[in-house]
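Two complexes come next, and they have one chain in common, chain A, joined by chain B in the first and chain C in the second.
And now, the complex of A and B:
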């Protein structure tokens, strides 16, 4: 075991997290607050005809039981998920788990007991519309690229091909399942609202609350230094947040609400199942003549959530003809939402599985096949790549993994009862960029403080901020104090889409650079300037950064093909009798621009690989089509990787610098790690067993059913 | 329904005698620590014994405080993550977690640490595979697992190298 500590800055917020003093939303002292438990609908469709709350109201310690009639009208701001309790004034039920009442009591025990006393009557329930039966639809207002994109003549390319492979792949419904269930604490002081929340954007939450309650933006303060994991489910604003603030307003008393683990499966999104078909045509040397990728994902009845599963197929491989088509299917289910990794996570499972099938069909090594299809410019748009070091990732990762020792025939590598499989896949992720501002201050004693209204979700952003500021100012990163997680600080956008290092990091870089200029004007060089900062005793600069004009709404470049890349190699061991698949080791190389803090960046990638292992082997939130609900709303039935599931992971970054993504040369990394591993493992299972499993996760039952085991 | 068993619950938490007046008989040790005693280090990740974020030491054993009724811990010795460091000095396990970057969002970390300290003391940290197995009751969705395993192996190795020093050396009363 390598016990050497990796290079890089230790987390500045580490001691707080390690001693239990880091404050998460549910840790907010109650200070007289009522404890709130939501009551959810037990049916997925129909109407609520009566709510029986008398018993709950009469239970010990209960201060109120609120229903839709008790709450104010709450207009919805942008990116606020529908507020079903308002709809339920007309009685409409849109999904199982939809909030229908809030119980407020003195203590969790009393609130929980009383919540169990609330009874509801329903009418007009019907058989739910489920994914397999719903028709394909087009999003009403696409947030991503156009649903359909085409270049060249795919039919002609396929007709002219030497080899054609075509198959359908599916990915399962998955739940983010951060360790921290969402929690909100709300307190009103007159028209001023203070909220402690667990959110990936305090600014968006502030906007949603000020819109909902018709109070000025400045009257709402949102505090969230630490998020106990989000992975997307705390990105947009969800009903429980508005309901907590509404309950506090109606009762005139602070309210502390925490979702139960079970409610986490219905209250803040999931990654919806996808069904994708990939068709590849290639000439005798393996060069693509045509690529077609279609996808459909489950959406809610009223929502438009689309997984951009087909997007990467427009930029990954050189092909004279490309056709992608993205559809959604409206079904009776809670609202899906982006989840690590959105779009390319499900999409690259299909594309990279198909590339492996093409490698076997043409007899070309999977690494070599990808190298032969490496494009010079963006295959769809012809735009130049801002930086693309996929080739280096493929070659170096193959070398470190020992790929040359692989015998390509399926079932050709074995260790006792275990079949050994080696598989690989490329990875890529889109580059989302969001604006941010930051303030940097230096005191006469050399103390540096950086302030930014962002939040720490676990990626190590405080260390990234300290590293950037100290690099510019020539000071010790350990001496930089970083303040975050409060809307009274300079605003930043969402901690999502792997965007924080680019947005927040670039803003910190700009502010620190401006401060350095100010110091220069004062004739101060280095950090030994005690007493030279004038009467104020400190100097500060505030600056911002945002993606260049012409970028799209998500900050994506329209000038360059701007993405991150990687190559993942996996060894699986398959028990030939039991069908149990275990990942024995992984090697992965990534090109994601300049890496600011190698220590925490490495952790992002190993964590991402574990997410890929979960996608490939474990995570399946089974949906009961008859009752219209997720079956296992807990961490026993919805299995995520545990320590024993994760082997040694060999992760490295190749030198990369993207001068077009931002001033740091950096891009995003958090989601990239969760792309590619799923396909690499599925491809390794094929190599081990000779059976192609096109549906993830590949559990024991699926492996046995495919006849992959003996 | 009557919910108060007796006037006062007595616990020893991190070496300190604590009183909880009028405890609710249904209150878990976790909710009692968090809501009555102001010790929010132990975390509620599932409230049903699936995730391990609430792990504390009860009379020296690692237990899930969400599955332990507070009244059942009457007179017991409870150690939480707040009790690991002494006089501002991190426990050896906390230091190893920091050095190995064995945590990300930090929410499961208090439970991981309490399990990790117990894992070494139980003699279940003899190899990386053994550590992985005996730490699999503590979920980490950020998946800092390889780093957690490395940190524990590091502490266990150093403890073994110096047999005169107990495995949980480095400060703390756990």
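And now, the complex of A and C:
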């Protein structure tokens, strides 16, 4: 089925997924299990004073209705999102949708129906605090770089500037909306707990569960064969996972829980709205004299989630003076969480829009402006770049797109009712690296098996693993069996932050290399060695890899400025009479270290561009500040791009090799693709219409107003 | 879930009898009813399946009159060669609605009975909604979240719009909805089928009584049907309800002068909103005279009442109407899937 070719390896799990035989958490056979549905608070603030569960308890098939009083104390491990049902023991309601009860029944539909019969009384509700009204606050325990970073004298740089541009940009609340809603199946066997879950880290889930229930780490097994999309919302551990295991414990029965699509909008995070201001000063030749970038994002009342929107502004462009400031605003809403692409996704929309504004203010071509500000070393820290091929991305993508034929004046291209615009933006993403271990085994018949406790989140990681192992061992990649998604396997960390190829890939590389050495010691060369592996009939090696000493908690280098880069060019067609923007074509070039599997790497980038188109034109989870809730908790009201929104995408990678990121020379790609398209499209809309739209997604009303500005 | 009985009606009489039971609800394609059941909008005791009734035919009568059975699938009607050729607005309104999968299931009669997409009406938790619970109030107006709401025919009780594309096209074609009930058959003009909250309490979505059912739709033969167009404005290129839509059917005299015209708008009221004053004013107007078209259309907007969040719709709807007028006059206009306003990238 799979054929290795220069084009890349087809994903080994593809046929199973296409034919519907791939098993996801909710598909786990669960004989004798109770089906669980969470009941959520219908108000965003106040106190729960009474729960009326009689009707639900009496509904057909219902075996139990659990409330906070029924559940054990569950201490929270690291990266576990606050468990509000515990808080509701003293009645506090922190957000609409907060779990207040669990209904268990002999079928999912019956549980769902009974959940609708639970009634709650609330007191002391108040008008919700919303983003626009909340004051700026500093994170209590910053997970990222320091909130404020400064180099040089920005005021002096702006005073000395020939041209200054300054504007405020906003990005909307967005929901991950994977096809597969989160689902957890938990079964206790004495003090041993087995959980089938849809998570981006089985290890973190294992840790959270063992902490919550006070059982040894080894007593908890987490299995996650496949994930139907995560995009960040299955990264940390969320209340429904612990509640499922708790319900199984107190009822003495296996419990299977699936979040409804509606609950996906309140139960496992969202990308919070940001409000950012970028101020750029430049000399007459367009070289930056100062860069200031401030950002505030919505956080929950008790949470600390910060979008690192300003971070890339410290490494993107040479400037003698840089100042960034990151703030959060506590509001009455569910907890936000990282979403493809966190940090640089919202941040680069603002910075790259501002760079386009500067290009127009100085009369310098936007590509040329970026080339003139290309730094030699990290602009903030002075560290060397581990690899940085942004220049090649810009020049080659411009060439492929045909940028030289662009007429820079806005409203200079038209086709019938449509204005045509060309815009571009640079892209960058941070490099997170996590430790991993892997075991590689070869049987006497040459069969190779790679085992790693990682997750397949849809990116094609098994193909990457097979490619790496077969490259080292000199076997056919189709013959490599890859096992993953089980805490019984050698541990790996999260499949998040575009880190898997570096962490897991490097561990597989190390284990395969060790195995090859062992084979050499046995005098075995090539893979036709039946009988030469002794009585065991197989040989195996286990090895690990992790970021070097001194890296930060997220595996970010403190020696090098280590990032990925790209350039995105977009053509839009704007019907400014009707307020419509359609992306007509897109060219994007990326530099992300060595590309292991070109086939699935390309899919990552085209998928990322679709996310960027969603950011620019569609995705906006409106938050109703009166009732304190997301307005449309379904995929009709929260619109993600469909095929008709995605044009031909011309994606390529430039040669890049980062020897400092890991032994493979590879870096991460999954999130990079979702960076840059938003600004490229907004810049193209400016070119088409002459109107700068600084709030995404761009709505019909705003684009119509652009038409009026002619 | 709540238990209900299910009966498949063998004939019309049985269907009407079954419908008279309290708590009875009719089901055909099920694409909308299942949403209601899941969202708690309806909780019937009895489901009456009418898919066994002989109402699937699409017939063209001797004088070109089109008669569509209520159980014809959206995809079948859209693909009917006579429809695409003789009544482009009808085929376009169907093909621009929903998704292929839904169009293969959803029926013509059911399409007309879709309920509003107001997110407060469709909310997962009980929010004040006079369409859900009479007298409860209107959450959308309370929250001042009205970007998608009506600019005509709304009241302080309800400002929802109806979502059917097909209904708008039928209004432009002067179609008639055929209804059967205990009292026999009756005919209702397509633009009088839906009820605005000005006409009836919000709980009543259409003129259809609980014990009545739609048997079909009749579309008269008119020369204007050939020069017709459906323009759908929406943020997503496909698979989204209209923000605003415009259906136009027109007759030209002496080259490019408008003889008679019917214009209906979607997304602006809780029924297809006819621009009758504009239709009158457009008689004798040169199609090439965009300013005159614009001025005539504007007459029908003198009484528009935008809400704080949807002022843009007043302008957008007029622009859509003018654009649809121009497009209707050019039947060779690009097909629906290529038009920028209607479809995706080229």
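Here is the rule we go by: the second predicted complex is superposed on the first by the 698 of 710 C-alpha atoms of A that agree within 3 Å, B and C clash if a C-alpha of one lies under 4 Å from a C-alpha of the other, contacts with A are read in each partner's own complex, and residues count from 1 in each chain.
By definition in this document, a residue touches a chain if its C-beta (ideal position, glycine included) is under 8 Å from a C-beta of that chain, and two chains touch if they have at least 3 such contacts.
All values reported here derive from a predicted model rather than from experimental measurement.
By the document's definition of touching, of the two partners only chain B reaches A:11; chain C does not. Judged by the touch definition given at the top, the superposed model places A:113 against both chain B and chain C. Once the two complexes are overlaid on the shared chain, A:627 sits against chain C while remaining clear of chain B.
Ranking chain B and chain C by residues of chain A touched puts B first. Of the two partner chains placed around the shared chain by superposition, chain B and chain C are both touched by A:644. When the two structures are aligned on the shared chain, A:227 is found in touch with chain B, with no touch to chain C.
Residue contacts after overlaying the shared chain place A:101 against neither chain B nor chain C.
Touch criterion met: A:636 reaches chain B and chain C at once.
When the shared chain is aligned, no partner comes close enough to touch A:56: not chain B, not chain C.
Contact with neither chain B nor chain C is seen for A:669 once the two complexes are overlaid on the shared chain. Within chain A, the residues touching chain B in one complex and chain C in the other are 60, 109-110, 113, 634, 636, 641-646.
Partner chain A is touched in their complex by these residues of chain C: 1-3, 40, 117, 119-120, 122, 124-127, 139, 142-145, 147, 233, 235-241, 243, 312, 315-316, 319-320, 323, 337, 340-341, 343-346. Taken in their complex, chain A has these residues touching chain C: 40, 42, 60, 96, 109-110, 112-113, 116, 262, 417-418, 573, 575, 577-580, 582-585, 617-618, 622, 624-627, 629, 631-634, 636-637, 639, 641-647, 697, 699-701, 704-705.
Listed in rising order, the residues of chain B touching chain A in the complex are 1, 3, 24, 26-27, 31, 34-35, 38-48, 50-51, 53, 80-82, 84-85, 90, 94, 97-101, 103-110, 113, 128, 131-133, 135-150, 153-154, 157. Against chain B, in their complex, chain A makes its touches with residues 1-3, 5-6, 8, 10-11, 13-24, 26-27, 29-30, 60, 107-110, 113, 176-181, 226-229, 231, 258, 260-261, 456-460, 599-600, 602-604, 606-607, 609-611, 634-636, 640-646, 648-649.
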